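Shared between the two complexes below is subunit A, which has subunit B as its partner in the first and subunit C in the second.
Presenting the complex of A and B:
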């Protein structure tokens, strides 16, 4: 192992290091959850710094390790930074939820960080086997987190379902990888791409593509492979739901970028139709079902399915162009969307998490009536996140939607243009259920004699301080990406360039 | 310089943020932050303005070329990019002087004026937000940022007119201002769209250059340029309250008086004038549009002046006089006297700000009474207010050597020499009318017998120093600024500042610079005579010393005068009823429009909503149906995934996804 290897692996090692440190500290000093919180938060910030530094900021050259099976390029760095943000906000928000319910925070931190290391591995994989390894490393802690509330029936049930179906789909995905290996004789992403370039698609490879598509669709929760999502999301402790709806989803998109865009990009004409169909189904069904939900957690679960559909629109826009076409606006859309989605979705779940089981609030939408009087800052932040999820400028969500839809509109493929139209219609329909929450918060009166929610006193209680820091981080991200998207956009452009021109 | 200009915007918005966050807790001390921010911003603004006007680096370009920079790229979307760009040239600098100075003085004045208001902090927060918006408006270097600022000042105006929102009339007035402005803004936004589609950029300098090139290349029909100019002018008509959208401004007087001074006299209502001046290269290409501008302007001038004759609310008199003076400015722009129009904007900003603040002081003194019929004889009781307002009124009447005289006469002179004789003639009459109604106001308020409610009369008091100082400073500015900028006539400093900027437009229009000659002397003398006549008439009718002068019998008495002039009764009623515009609009838009609306509502509820609700019902039903899939049984889920996989495989094998 050379020093170049170490540079490439530094972010990954940093995450694992922090995770093991927290584990060790918890072993030596059991029950010191506040210490675990501090270590976890500081540690993940350090990981972010290491990622930024070793990635050379945004335009670092490609560094590889393990004989070229793990490589860090601009896309890896960008995605890693998104994972860091997800982990950080989750860690900040979680103590306020876990503490009062008697759930151990150190274990939560460790499990989450191991999952993040899997996501890092996916983002930097240059080999399909490493990628699969990363996938398993990502999802196994996810199952544990889903069942983190051990004594709660719903949590365990959701975790079991998630685990069974997840394993099922992992097997399907691995089977797909085996097909690819069988037909190309290699697992290196670059070599797969070279071997596939131009060749006609035999029935065997078609089977492989089908398995890969199904497996990936499960991981991003695309319709009709989404069944696990609502149950797992609703059962999990809310900070876990926040993480599950962003972390594994963004990681799964990283996987799609590595597998479909990088290794199978040469035969994109073969799979673009599948993506168009999946995108159309996912957006529409996610939104339709979200419309009828009265539980915020479940509504956000379905809405996250719909957002998967919007991101897939970007993928379809990329795939509809002939192989070798230099336009990457679809990929840029995907990458920007993931960042925007991480902030706004985490923010929305964080508010739900913060309010849940405070006096007079559950995750039922009716209990949010008059929130503006009872907890004004939380209500304003929630409105911000929801408006961003709708896609109203000047928020992150607006530019996210704008970029994927713009990419699709400019496509030469009429099916993709139709998809863009469908996305706009869906966004309009989605406005209904997001804004309904805003109406409840701002325009309905709370029932007489409701006590204040009690999120004040941030300086006295450490957990609340962390919570508000997390909410503020999500809020700032949502606004900054909407008001001043240029720096992120520059990173995104470089990341997309790294994906289609591996050097 | 970038830092200074950025600071100029950052200070008021920071003041707004801080006051909005912590103002409530500061109570009576809430003014420190916002007033401090604006005083500092004033100093910064003066440095920026004078660097620009004296050509300090980086303002060294030819032809009044300004200095611009981009804070950041705001909207990067393929071909459509907009920077949050700022631009300072001599025109901006002239506006900065007015906005910063009047803004600063109004802030200071408000410390005293709003002292007993429970919404003290809220008022200062709004004022700071307004200052930010207004500065952004004059500093914008492209149409979109200008438009954003345009809407922001509109929002602040709405918030401040409706500041006493519990009072129904204030809430209604705020709504009226907002809605009437929407009409103008619709046209303005269409104009911006048109600029974008024709030249593909929204940056001022690039867009003007692009339009010139297109016209030179013959790629643009003249009617299109005229259309763009007229659409943009529609926005100005709304914001600057010109006929037929003038109805909102008088009602806007429901807001606190400092607001009327700042927003509805000295700054925001001038935004339309500024914008037309800024877009002068477009207007210079469209002489027909210029004629419309001049016509609308001068018509508003005489219309508003005739209404001001009979109003009894002191602030409404001033509101109509503002309308009338804005009309002058547009007339100036329309006849090609851009410099004179901006000059009038500057002087008017000062003397009208002074008059409004003075009226606030009067209202304060007589315990929130605005009806002049319940005033009278106040000169001795509130001498500071009286003296300063007298200066303002003389300036407004156009008596040399005060501010209004120089700028007004330049507009009238240009109208005459550029061949707009009708504009000149009407403007000439309006000059006399202005002097008359101003001194009617002075007479009713300060001279003669006191008609103040006896309960109040004992308690009349001069305003605190925080209110008097701004009055005195503004009065001093009113005395000197005209001569300072406007002497020698037609060749003063203001011309040195602004003429290079408007030179290309004047050349396009074929307007020559003529030396100041005998004709001009005659014109000036005529208009001064006219103003003196109006003034003297008002003093005779409303003043105190009726006995000293021997008047012809039929002029000796107001009623006799009215009776002696044919048609006077009709004119009087027309004036009192504001030429029935409010009633006309009520009939057109509220009664008839309401009926049409009700019909549409029926159509909407029954037909449109019916079908939409139908779709929604179907959608929700579909959602419910789809929910059934979510059985909760993991076997079903696995089965679903397996089926999905089979379907995918078959589709791939059949080549359906190609």
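Presenting the complex of A and C:
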């Protein structure tokens, strides 16, 4: 192993190092949750700094390790930074939820960090096998996190549904992968792309491609492969839901970027139709079902399905590009949307997590009545996240939606332009159920004699201080990505260029 | 066509289909877990077949098959742990009865 290898692997080694450190400290000093919190939060900040410092694409160079099966380019670094943000906000928000319920925080931190290491592995994979390993390393801790409240029926029920359908889809994905390997003779992403470039698609490869598509659609929870999502999201402890709705989803899109854009990008005319149909179904059904939900966690679960649909619009816009030198705005849209989605969705779930089971508040929407008087700052933040999910300027969500929809409108393929129209209609329909929560919080009166929610006392209680830091981070991200997106846009443009670069 | 690449791939496909059918038809969480294992073993059969019949793939095939086995073992471990956790809460392995969140 050379020093160049080490540079490429530094973010991955850093996150694994922090995870093992927290694990070791918990062995030596069991039950010291405050120590685990401090180590986890400081550790993930260090991981972020390492990722930033060693990041690929600063000068367009690609660093690779393990004989070229793991490569860090601008896209890897961008996605890694999104994962770091997701982990950091989750770790900040979680102690306030886990502590009072008697759930151990050290185990939570360690499991989360191992999952993040899987996400890093996916983002940097230059080999289909490494990609699959990363996927498994991402989802196995995810199943455990979903069942983290193991004495509670809902949590274990969500976990088993997540596990059964998750490993079912992993098997399908792997079957497709085996056929792609068998018929192209290589697992290297670049070599698969080269092998596919010549000649028409044989039946074995076509089958492999179909299985890969189905497996990936399960992982991003695209309709009709979404059945596990609402139950897994509703049942899991809320900080875990915040993570599950962002981390594995962004990682699954990283997987799609590596497999579909890099490896199968040359034959995109073969799969653009499937993506258009998946995108249309996903956003429409996600929004329609979200309209009827009375539980906020379940509503946000369906809303996350709808957002998967919007991101797929960006993929369809790229896939409809003619062969040769494609426009990259669809890919840029996907990447920007994932960052925006991470901030706003984490924020929304973080508010739900903070309020859940405080006096008079559950995850039912009705209990949010009059929240503006009972806990004004939390209500304003929640309104900000919901408006961003709607896509109202000047928030992150607006830029994300505008980016993918503009990319689709500029397409030469009429089906993709129709998809853009459908996305706009969907965004308008979605405003109804997001704004309903805002109406409850701002315009309804709370029942008489409700005690205060009790999220004050930042300085007295460390858990509340962390919680508000996490909420503030999500809020700042949501606003900054909307008001001043230029730095992120520069990274996104470089990352998209790295994805379609030859070689 | 016995002894050919196609015959073994068809066998792998048949095993995989039995696994999918078992997963969709059985309502017992343990049986569903077994069906997933069957699917993963079908994948492994396909991988080993490619290795046996395509000379260029021989060295890779055994490595990939070993890796799939390791992943399958990890998945079974986590899966059984979750099944035990929910069995303690619900006293049943039947997934039909895990319906606390149905709307």
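Some observations on this one:
We adopt the following convention: the second predicted complex is superposed on the first by the 494 of 503 C-alpha atoms of A that agree within 3 Å, B and C clash if a C-alpha of one lies under 4 Å from a C-alpha of the other, contacts with A are read in each partner's own complex, and residues count from 1 in each chain.
Just so it is clear, a contact is a pair of C-beta atoms (placed from the backbone, for glycine too) under 8 Å apart; a residue touches a chain by one contact, two chains touch by 3 or more.
Quick caveat, the model's predicted, so the values are computed rather than measured.
Of the two partner chains placed around the shared chain by superposition, neither subunit B nor subunit C is touched by A:347. In the superposed model, A:309 lies in contact with neither subunit B nor subunit C. Applying the stated contact rule after C-alpha superposition, one finds that A:168 touches each of subunit B and subunit C.
By the touch criterion stated above, A:209 is placed in contact with subunit B alone, subunit C being left untouched.
Legend: residue contacts after superposition of the two complexes on their common chain; A:237 is shown touching neither subunit B nor subunit C.
Applying the stated contact rule after C-alpha superposition, one finds that A:160 touches each of subunit B and subunit C.
Applying the stated contact rule after C-alpha superposition, one finds that A:133 touches subunit C and leaves subunit B untouched.
Contacts of A:486 after superposition: subunit B is touched, whereas subunit C is not reached.
The residues of subunit A shared by its contacts with subunit B and with subunit C are 160-161, 164, 168, 172, 230-231, 292.
Partner subunit A is touched in their complex by these residues of subunit C: 9, 16, 19, 23, 29, 32-33, 36, 39-40, 42-43, 46-47, 49-50, 54, 56-57, 60, 64, 67-68, 71, 74-75, 78-79, 81-83, 85-86, 88-90, 95, 98, 100-101, 103. Residues of subunit A that touch subunit C in their complex: 129, 132-133, 136, 140, 143-144, 147, 150-154, 156-161, 163-164, 167-168, 170-172, 174-175, 178-179, 181-182, 185, 187, 204, 230-231, 234-235, 292-293, 298. Against subunit A, in their complex, subunit B makes its touches with residues 72-74, 76-78, 619-620, 622-624, 626-627, 629-630, 632, 634, 636-638, 640-641, 643-645, 648-649, 651-653, 656-658. Per the touch definition, subunit A reaches subunit B in the complex via residues 160-161, 164-165, 168-169, 172, 203, 206-207, 209-211, 213-214, 217-218, 224-225, 227-228, 230-231, 269-274, 277, 285, 288-292, 402, 406, 429, 483-486, 489.
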